[in-house]
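In the two assemblies presented below, chain A is common to both, partnered first by chain B and then by chain C.
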Partner chain A sequence: MNEVNRSSSVSDFAWISVAAFVASVTASPASANVDHRRQFEKAPEISPWADVASTSTDEFVPIGGPLSYESWYFEVSDRMVALSEKQDGWKGPESQSVLALAFEQANHLLRKLAVDGIDRRPTVGLDYEGTFSFAWSDGNLSIDLTVYDDGTYSYFATDGVRSATADDALISERLSPQLLGLLLS
Partner chain B sequence: MPEAAVDLHRLIWSPDDFDGDTLTTSAFPKNDLMGGERYLSVSRTDILNADAELRTASGQGASGSANVVRDEAMSVILNSGDVCAAKDDKGVQPFDVTAEPKPNENEAHCGIRNSTETQSRGYVNQLRAILVGLASQPQKLDDFLSIRHFELISNDFLALSSTVTIMAPQ
Partner chain C sequence: MAWRPVHPRHAIERARIIVIFKGQLPAKFLRKLASNSEERRLELGFSSMNWREGHSFQIGGPAVSVNSGPAQLFGWDWQNLSTGNVPLETLVLENQNLIYETVDYTRWAEFSSRFENVALPILEEVLGLVDISNLVLEYVDRFVFDGPVTEARAEGVLSETFVSLPEAARTGSAAWHSHLGWFEEIEGHSMLINQNVDAQDGSFQADGPAVRSLQVYTKTDLRPRDYENGYEGLRSAMNAMHVKSKQLVYNILTPDMRQSIGMEGS
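Entry: the complex of A and B
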């Protein structure tokens, strides 16, 4: 019974998130009946990222500029929703389904990455504990980042020369300059 | 400890450990890299038993994982020497490979262990990033086993042919 309730809450949350996002996009007078991804490019002045940007960085993404992060954001978000539907035991006896808070926090960090101009798509994995892990591997760049349901994340990042690591960085705070520098390199 | 030249087979039986065709770091569970008694299960390929690998792949499906389909099980290879020689950002070699044979079940079973005292979250992230970088391109378990079977037959044939002297007719 617990498994059902837990799964439902994640699923519900996912749908609510999607609905809220669509609502924020379609609030534009010019956006009715238009694919939201295209509309996002055409009407960035009411960008749904605005609330995130105001809390995560002083410099907003160039409005009207090339929003190259769009495609990976939606791909990654879709995959997270799909993984959120896993039940307890999805990967053996110790594996847990995704907690609603873990989904929320991971989605928050994901938006923050997009707003900060990261144009590299991470791969998304689901850990036994029901937490999401994002990874980037491209040439010498190698990053593994795990988001926890308590609003923190841990990571290790390196490009073979520089490296950055943290055990419990706060999602509510800015990305560390070191991590951001590696992701933007 | 297996010799440096020995390859290690890591069975990835959950398709969710792939994002598209790309192996995710979640294929290397954090708990298995915390050190102590925990380790990452692999099998040395030089004495690998195909039936044992297939049993493991099928057995995981029977252990409560609804979505496991044996046909979707994948294989990646990590070289034992490369794993042991890998260094973290402090220049420390964090991994040991130990033989963990399971009698009558899987004699080839080995473990990749975090041999350091460090168990912090960020450090485990680093270990996973290292392992993903060392892993070969994934291939289907069935394909891997078929190719290996062919290689074994070829090796046997070569070994046999080198010991046979063909006598020319008098």
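Entry: the complex of A and C
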């Protein structure tokens, strides 16, 4: 999607402070930019401590918009942490412990799924090669996805009618519409 | 019931770099730079581009004057959106600052490298016109409590050496915050530090149950004195700001929480 919008709005934050409390003790800048511009206009060489006073109650306002995660995110993350403690040979002589970057890459993908409104909870497993795999199985829906330590993942997904597959999808890029469609179905 | 970092093995929810300029960029320059950078925007994965416009008005003086003419361009932003249109990365260029923000933080080396890939070509153009006034690095770390918000005792996250909290704050029955600011010197430059801890109630989803979190906001705000080669002349200071930020967070956490985000021994 390549879109050009005309907007200057700053979105709210998903983590909402207890309103009355925050309203009573913090200034809420219209945007982070306004806040920093105010500092810029001051002369810290003359009175640096005045600057501290003006910033000490600032509230962080994200410019990137609200952020929220699906509730399954912690449960799956916990399972990943537990699996990452397994040692070489955890399931026979061929099985390896988690590869150095495998946890980070798998969590990177998991975070993206969790912010994309996918309410289907994946199950997570550790493969013999020390990489993580995620699976969804619900009725006709079946998705198997393996995350590699080089920042790529592969998957096969089907609901009996539609299917999607990829061998070297990049975690840093958007999910394919086909895979997303199945995850959201 | 326990506290946990918002991500396994790290707690960084957002990171942001802000470069504030000594002077104001003209609208024509901003427009031209946006146009010249369009190809790079798409290559870098920023699928959305927004102009930032507004009306100017002045209050005070002999009369209140309101400019009711066409909106004035004061900047633009790029957004790298997730499939569900959640902004994962944002780059903002306004007439007095450049901001890069991500919720996709993994580690410093990748974050700083990505910032340079995205922003340096733009900064090089900008710094041909204006100088750097402030260089700011901001982290938002978040820790979340599994359980009723009224049982979220702050000492599950914060070390005993952290500012002594009143009983009402420590026991978790109500929200609280602690905001600190002070100056230090780093590599010969003056630096403002803010370390703000806020107990915030939120939810993972729009209609989800209330969850207590502790937000730790760490800001290092460098006011460069003398430097050469634009941003590159401040790269070492930026690395030092990261190390300082990490140390600041380390200092206020319990040993268990340090361990859970991989900081113990660092």
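Heads up, the rule we're going with is that the second predicted complex is superposed on the first by the 115 of 185 C-alpha atoms of A that agree within 3 Å, B and C clash if a C-alpha of one lies under 4 Å from a C-alpha of the other, contacts with A are read in each partner's own complex, and residues count from 1 in each chain.
Following the convention adopted for this analysis, a residue touches a chain if its C-beta (ideal position, glycine included) is under 8 Å from a C-beta of that chain, and two chains touch if they have at least 3 such contacts.
As the structure is a prediction and not an experimental result, all values here were calculated from the model.
Undergrad: Of chain B and chain C, which one touches more residues of chain A?
TA: C
Undergrad: Thinking of the overlay built on chain A, is A:D116 touched by chain B (first), by chain C (second), by both, or by neither?
TA: Only chain C is touched by A:D116; chain B is not.
Undergrad: Touch check for A:E104: first (chain B), second (chain C), both, or neither?
TA: In the superposed model, A:E104 contacts chain C only, not chain B.
Undergrad: Would you check which partner chain A:K91 touches, where first means chain B only, second means chain C only, and both and neither mean what they say?
TA: Once the two structures are laid over each other on A, A:K91 reaches chain B alone.
Undergrad: Go through chain A and flag every residue that touches chain B in one model and chain C in the other.
TA: Dual-contact residues (chain A): none.
Undergrad: With touch defined as at the start, can you tell me which chain A residues reach chain C in the complex?
TA: 1-8, 14-18, 21-22, 25-26, 32-33, 36-37, 39-40, 44, 48-49, 51-53, 55-60, 62-71, 73-74, 77-78, 80-81, 103-104, 107-108, 111-112, 115-117, 172-175, 177, 180
Undergrad: So in the complex, the part of chain A that touches chain B is made up of which residues?
TA: It comes out as residues 79, 83, 86-87, 89-95, 123-129, 133, 135, 137, 142-146, 154-156, 158, 163, 165-168.
Undergrad: Please output the residues of chain C touching chain A within their complex, sorted ascending.
TA: By the definition above, chain C touches chain A via 4, 6-9, 13-14, 16, 18, 20, 42, 45, 47-54, 74, 77, 79, 81-84, 86-90, 92, 94, 96-97, 99, 101-104, 106-107, 133-134, 136, 138, 140, 142, 144, 146, 174-177, 179-183, 190, 192, 194, 196, 198, 200-206, 208, 213, 215, 217, 221, 223.
Undergrad: Name, in rising order, each residue of chain B that touches chain A in their complex.
TA: Residues 14, 16-17, 19-20, 22-27, 29-31, 60, 63-67, 89, 120-126, 128-130, 132-133.
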